[in-house]
Structure formats: structure tokens, C-alpha cells
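We just call them A, B and C in the order they show up, numbering each chain from 1.
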Amino acid sequence: MNIAVMVKVLPDDQDIVVTADRKLDASKAKPVVSTYDLNAIEAAALLAADTGAATTAIVAGPASVDDSKTKKNILSRGIDALAMAADDALADMDARQTAQALAAMVNQADGIDLVICGDGSADLYAQQVDVQLAEALGWPSLNGVTAITAGDGTVTVERVLENERETVTLPLPAVLSVSPDIAVPRIAGMKDILAAGKKPVTMYAAGDLGELAPAAVEVIDVSAPEPAARKKELFDAAQDGELDAFVAALKGAL
Amino acid sequence: MDFKITDEQELMLDNLREFCAREITEERIQKWYKDRRVEPEVCKAYLDAGFGYLFLPEEYGGIPSDAVTLALVVEELMRCTGATMSFMSYGLAMFDLAEFGSPEQVKMGMEAYQKTGEQCFSLALSEPGAGSDNMSMTATVHWNDDGTCVLNGTKTMVSHAETAPFIMFIGKDEDPSHDNKSMSMFLIPKDAEGVKMAPLHKIGQTITNFDEIYFDNVVVPQDMLLGKKGEGFKQLMKNFELERIMLAAHSLGLAQAALEDAARYAAQRMTFGKPLYMHQLIQEKLTDMETTVQNMRNLLYKTAWEFDQGMSVRLDSALCKRYLSSMCTKVASDAMQIFGGIGYTTECRIGRIWEDCRGDSFAGGTEEIMVHIAGRQVVKKYAADLL
Amino acid sequence: MKALVFAESEPAARELSAGARTLADEVTLVTFDDPVAGVADRVVTVTVPEGHPKEDALETFYQVYQDVQPDIVLVEPTRRLKTIAGRIAAREGASVITDAMALADGVATSMYFGGVGVRTAKAATPVTFVTVAPGTFADAEPSGTDAAEAVAFVEPAVPLTLVAREDLPPAEVDLTAAERVVAAGRGFAAEEQLGLARDFCQKIGAELGCTRPLTESETWFPREAYIGVSGLILNPEVYVGIGVSGQMQHMVGVDRAKVSFAINKDKNAPIFQQVDYGLAGDIADVLPKINAEL
């Protein structure tokens, strides 16, 4: 079996600065792997270790995603190979455009049986790349997956929805979006970190992926929210009477 | 000059921070300081994540590494935890054993290390009458004709004595007199007959247990000899320079933790209607602390780099050990001053950091012994023609 | 304007249909199994045959979509409907805007980077697809006929096999409806300590939720108790965070509280900058005292 895991590389939100006009400046932010994609990578790596499958991570984004540390980070987590399209023509893609770029790379990787996506990206959390990708590939898909078992030309998954739990069998090839609960991302071993730089990486330019569809969503504005006005009164329980003052404030609000 | 660290080193440090965030909570640290040990499960997790295999020979599952990487890891571990996490000494002990031990001894040590992730042996070196002055030791090894040896003596300030399954004992062959340079090392089980220990209570670094060990006619087979008969002292000195570099990294990490705690406190604490850091006396302290910590780091990294290049670090490792171990206490002390009275309580970790830093002045050779080593080297460096 | 509503639950069917009514003059609701009366002009029900997961209703939903030819599709933000609506949008060259907290003139407001930013966006395609968070149309009144029709299930090209299905135990709490909400965070060292928080909740008549670590790394709470960016976004009158550090990912879930309180051991915890009243103190020490005073 060949497993591909879709990974978004985006600015570290710890480094995003709110400017004076409440815009978000990510220009100084380091690229990092989107949080829940780490769980998807872990799920892919564990499934591959179970089944002897080969794993490829696939990334598409602006030129800034081509970061040597981030690439090694991905490859230190039990993933065999990386395919990456890093091109400013691929900046600010919506879910549909992202899925199209990824679908082109899945098709070019040849022989992929199972695509695994994370629960949602750290920035948009739209939870739409998995279904857009499934539609682009013409494959079935399921989300909310908490466990995967490989069968003969199938996978059987457990999934948790809002009010129910299911076990479903999908014929391969298929797309799965995994819940963060599926696996805790590993702390990569030192040996795996040292070996990561030696693993195969295939780089693509936007032109290799066919013509990108026009944006399906037009972004009007992104700004930092106005902070709620809070009193920020701090009482110290170690000081006489301050605990009582806190309780009095609490009683006043009830 | 290149101060950039590699992707691999950055990833290791990222992973180390994640490890600390998951496994080493402040509550746990406080418990470990009370218990005089780190829970074996956490030691094991640290080893299994690979950190504990750095620098060990590959044939024993080790990961080729260098002193710079090891120093970065030690520094970050102390910075993240603000505690004397002695994991790195566990690995260094194994490194020593791999160098001098017979294949059987290394295998035995490695099995013990891999089982719990804890240090596999304690080093019984210092004596009540012989600290840095190792030649004054009076512990003896008597060689019998029947293939056994008898070990006698009192060893003190032995770190990890209660938790390590083995003891590395060093004593003088037959004759305890000062001039006898023939010493032998043994790797013996902690529970060998005639071995007794009693805890010593340090004021800081209590996360590492510390004991006096009494060897009363301990009879051991001669194949417990570690390395060569009579060459114990030479062996002992072999890895001291690397040890000094790692102790300095320990000092640096604690100083960095103290500095960060102080800066964060100064940013939030309000006095006389403004944040503490807006007072110039506090700004001066923070400025000097930052300069000191940067100096500490530069000297450490340079020394570690020289070590990796195969250059002699006889002088620089001693300078490094002396400078960093004294400066970390200064930085921690200034940090405590910024905290004010609360810094002198157990409400925040700055007191613990200060206590631990103070201990670095003694660990692995006192600051004065470092002068003893370095002073003559300085003259050699600049006035060799006059000697 | 024609609006199409996809909903699984009755409350969402009502709210989204009511919202759709404010945007369009013709509202069609598609739901599973049982129709919801009086909320739409036309209610279409889809019954999925046994042995299929409900996602296999994609082709059936798509047939209704093609039949209605809507201008806007309002979708309940459930996992199943995100798949069905997402795939229909993909076929139409569109993309679903998810988890909108507000929707006005086709412009949807949603969170960016878990609350670091707020994003406004609209469809660049002829049809708008949007999943709408509960409460967005809370003020709109539904109206409609009782006309309901069941459509025949259309078999998908690649059917999936439902092996097993069970209802999750019903949520013990409904935090979305609670006026007073208490959140427990990492400051709780042991599960037993939560008893203090439960006592506190009883005293002030609040429901107890938690931050993400308490459902993920510790399994002290059911998932539906998790407050924050990928969990619940609440509108309580009173919020009290206990042992909560104040990370953005959690705070976006309670930022809209009218009055907020925090108890934390660490005076420097970021949460104290984000609440009205803070108390610095150890949970084990201060909670019993507070409970005694209430």
C-alpha cells in the first residue's frame, strides 16, 4: 500500500504580530507544520509501520514553505519521502485550489492508495481540503476518523461524529481526514532527525501542477479581533481580604 | 565565524522542548527534588526519545554527535525546566564506561541503562580527605592470589549512589601512601557485601541523590576491574574536559532560566505605579545579566567547538568551567534580587535555581582547582620561551 | 433568491431555515429521515438504506441541489454535512466557507488562526456555500409550510459499507445553553481535584467544561465539554476559568462572556489579562474557601 499524507506548512502563529491598524503581520513568522497535520503524519506513519506501506508527505504552498528544517521535521516522523510544490503562484490558495494542487501531485506520485488529511488547518480550519481533494481525484472520503485498519483493497475506519460512533469500510483508493485523537504526534528520535536529510524530496513548481482554478472564495479582510474590554482586576489570595473581595465580585455577577 | 545552528540541532531542541512540556511539569520537578531522584519512567522516556544516546558509540545503539550538540541539549534542558536534570550525566557515564569497560562490562552497563534510563553507575571518587586532590585518596585495592580483590575505604559526595545499580570504585593498589600513583578502577554491584551508604543532604541540586559510601573488606572477583590495572587515575582524567564543558552548559541553562524568569517578572510586577523594568536599577541588572549570559554562551560554544575540532581544550575547558559556574550564581542571585522577597521563598523557582547554581562551583572540580589547571596554562600560552 | 438548507438536527434545521428566510424568498430544507414542519417552503427528506453511512446520500443531495438551483446553500456544521456540501461545492467549482459566526450580504465572518484573527470572505462563485455556527440566526423566526416529500435514495458510484454504528452516550451537559460556565484547565493536578470544581459549579449554578488538554491528554472530560477553537464557542453570562492559563485557543470560546473570572496559581498567567476579576492562588487552597463563602 502507498499512503500519502497531506501537510500544510504555514506561519507559526506564535510569531504573528498584530500591527497598529489591527492587521496580522506574518512576515517574520517561521514556517511550521500545521498542528493537526502532525497527528495525520503520525497516523500515516503508524499505519505504514503496521502494514509495511510506503509513505509520502505532500505539501503545496508559497515559496516560503520550502524550508529545510520544516522538510526534515516532516521526514523525521516516520515518513519515507516528500513531494513539495513551493511557488509563490501557490500563495493564499483556498481549499479548492489547494486540493487541486495536491491532487496533481497525488496523481504524479502514482500508485497512491490512501490519502490522509489532518482535521483542519491551523489558519482557516475549513475542513474542506479533504473533500475537495476526494472530488478532484474521484475517490470516496470520510472525516472524523479515529482509527484505521487496512484490509484487502479496503480500509476500515472508526470515526466519531457529533453524537455517534461508526465503523465504515471504504474501498481503496480513498481519502480520510483524521481526528486529532487518532494519534499523539511523536517526539522524533535523534536518529530519525539525522536520517531525515537523506530522504528523497521531489520539488514541483506551480507549472508542473496544471492550471490552477480561479479562487472560489474571495477574502475581504483579515484583522485581529477587537479585544473585549475587561477590568483585569487581580486579587492575591495570599493577601488578607483579597479572596473575600474576589468572592464578592463573583456574587455580584450572579 | 558562524553562529548558526544546524536544522538537525534546531529540530532536536524543538523536540526537547516538546519532551519537557509533556513530561517535566513543575509539580513533577518539585516532587523529584523531594524524592532525591527523577521517576524512572521519565528517565526511560528521555533515553527512548534518543537524547540519552547522543555521543555513545554506535555499536551500543549510540548516536554519533559532537560536544556542541550535547552542550546545546544540556543548556536547553536546564533552561526549560529551571532544574538540575541530570539526564546528560547518565549518558556521559555510559560514554566513560564504553571507553574503559570490557565488552561484558559495557553490555552489563548498557542493559542497566536501557532498562530504566537512569545512570548505570555512581562514581565513588572523592574521599573525606581527598576531594580535588585525588592523589591523597586512601581507599585501597588489595590483590589476592585467588583471583579476588579486597576493596577498602570511605568515599563521599557520590552522586546517584542510591539509584545507580553499579558503583565505579577507584582505589590505590595495595599502598594508600600519597606517592603511590598506581590506582585501579572497579565496576561493582551496589549491593556487594561490605558496601554501606548513608545519605548526604545538599542544600541544592537535591534532585540527584548524594551519599557517603563505606567499603569494608569488599571482596570482588578481579574481572570486575575496569580498564587496566594501575591506570585508574589516567582513565579518570581522560574525559574530564568533556565533563567540564557539560557542567558549564548546565550552568548556562540555569542562568538563562533565571534571566528569563527575572525579565518576565520585571515586565509584569508593578511598583511605584510602573512596571518594575521601567526602573533604571532593574534595567542595569537585566543588562548586565544579559551581557554575562551572552559571554558565558560564547565561551562555552567556542570551547565545545574547539573540542569537536580536535583542538586542545585543556585551558579553555578550565576557563569555561570556572567562569560559567561562578557567573551562573551571580546571574541567579541578581534574578532573585529582581524578584525581591518573593524570590527568597519557595513560591517561585528562582530560589531553587540559585541553590542549584551555587553547587556548580564545586561539582566536577572546584573553581579554585580550575585556576590551578588554567593558571599555569596561561603562562605556557604566552611565555613558553621563559619557562 | 433561492436558498437551500442542509441540516441534520432539528434545532439547526429551524435556525438555518429561519436565517435562510431572511436572505431568500424560497427556502428548501433537506434533512435525513424525519421532516421538520413549518420552517421551509419545501422539505425534502432523504432516507439512507441500511448498510450505508449517511455520506452515501451525496448523490441524492446533489440531485435536490440540481433541482432547486439555489443561490445560497446554508449548512449545519456537522462532519457529515461538511462532506456532502463540500463535495457538491467542488462539483460546482465552488468551495464551502465553514463555521461562519455571522453572515450578512453574503459576507461570512469566521475565525483565522484559532482567533488570532477574524476573517471576512464571500464566495467568488455564483452560488454561496456556507456552514453556519449555532446562534448566528438566533433572532430569526422560521416560517413555512408542512409540505414534505421523501426523495428516492440515489446509489453512489462507489458505495461505502457501514459495519457498525452506535449513539454516543448523551451529553451530560449542554454548555451551549448554560448561562454560567466554569472551565477547568491544566491547573488541576489530579482528577480527584475536579470535585472542588464541581462543588463550585453547584454553588453558583454553572455547568463545567474544560480546556483541550483535559479531553485529549487526560480523559477526564467527554469531548463535548471542550471549550475552544475546535470545540465549543460560547456566549455565557458568567465565565470562570480555573487553572486555565489563558491560551487563545481556549479563550476564543469564552471571549463573549458578559463577565469573566479566573483563578490561577501563577500571577503572571495570561488569563488575568483577559478577564474582569482574577484571583491568584492555589486551587487546593482557595477553592474550598470560596465554596465555603458561597
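To be clear about the criterion, contacts are C-beta pairs under 8 Å (C-beta built on N, C-alpha and C of every residue); 3 or more make two chains touch, one makes a residue touch a chain.
This is a predicted model, so every value here is computed, not measured.
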{"item": "Central chain (by mean CA position)", "value": "A"}
{"item": "Winner on C-beta contact pairs when A-B is weighed against B-C", "value": "A-B"}
{"item": "Centre-of-Cα separation between chain C and chain A, whole angstrom", "value": "20"}
{"item": "Separation of chain A from chain B, taking each centre as the mean of its C-alpha atoms, in whole Å", "value": "40"}
{"item": "Inter-centroid spacing, chain C versus chain B (mean Cα positions, whole Å)", "value": "52"}
{"item": "Residues of chain C engaged with two or more neighbouring chains", "value": "217, 267"}
{"item": "Residue list for chain B, restricted to those that touch at least two other chains", "value": "22"}
{"item": "Overlap residues in chain A, where contacts from two or more other chains coincide", "value": "none"}
{"item": "Footprint of chain B on chain C - complex, ascending", "value": "189, 217, 267-268"}
{"item": "Residues of chain B defined as touching chain C within the complex", "value": "22, 27, 264-265, 268"}
{"item": "Chain A-facing residues of chain C, complex", "value": "53, 55, 78-80, 82-83, 86-87, 89-91, 93-99, 107, 110-125, 156, 158, 160-168, 170, 180, 204-205, 216-217, 223, 229-230, 237-238, 240, 255-256, 258-261, 267, 272-282, 285-286, 289-290, 293-294"}
{"item": "Residues on chain A engaged by chain B in the complex (per definition of touch)", "value": "68-69, 72-73, 76, 187-194, 196-197"}
{"item": "Interfacial residue positions of chain B with respect to chain A in the complex", "value": "7-8, 10-12, 14-15, 18-19, 22, 48-51, 53-54, 63, 65"}
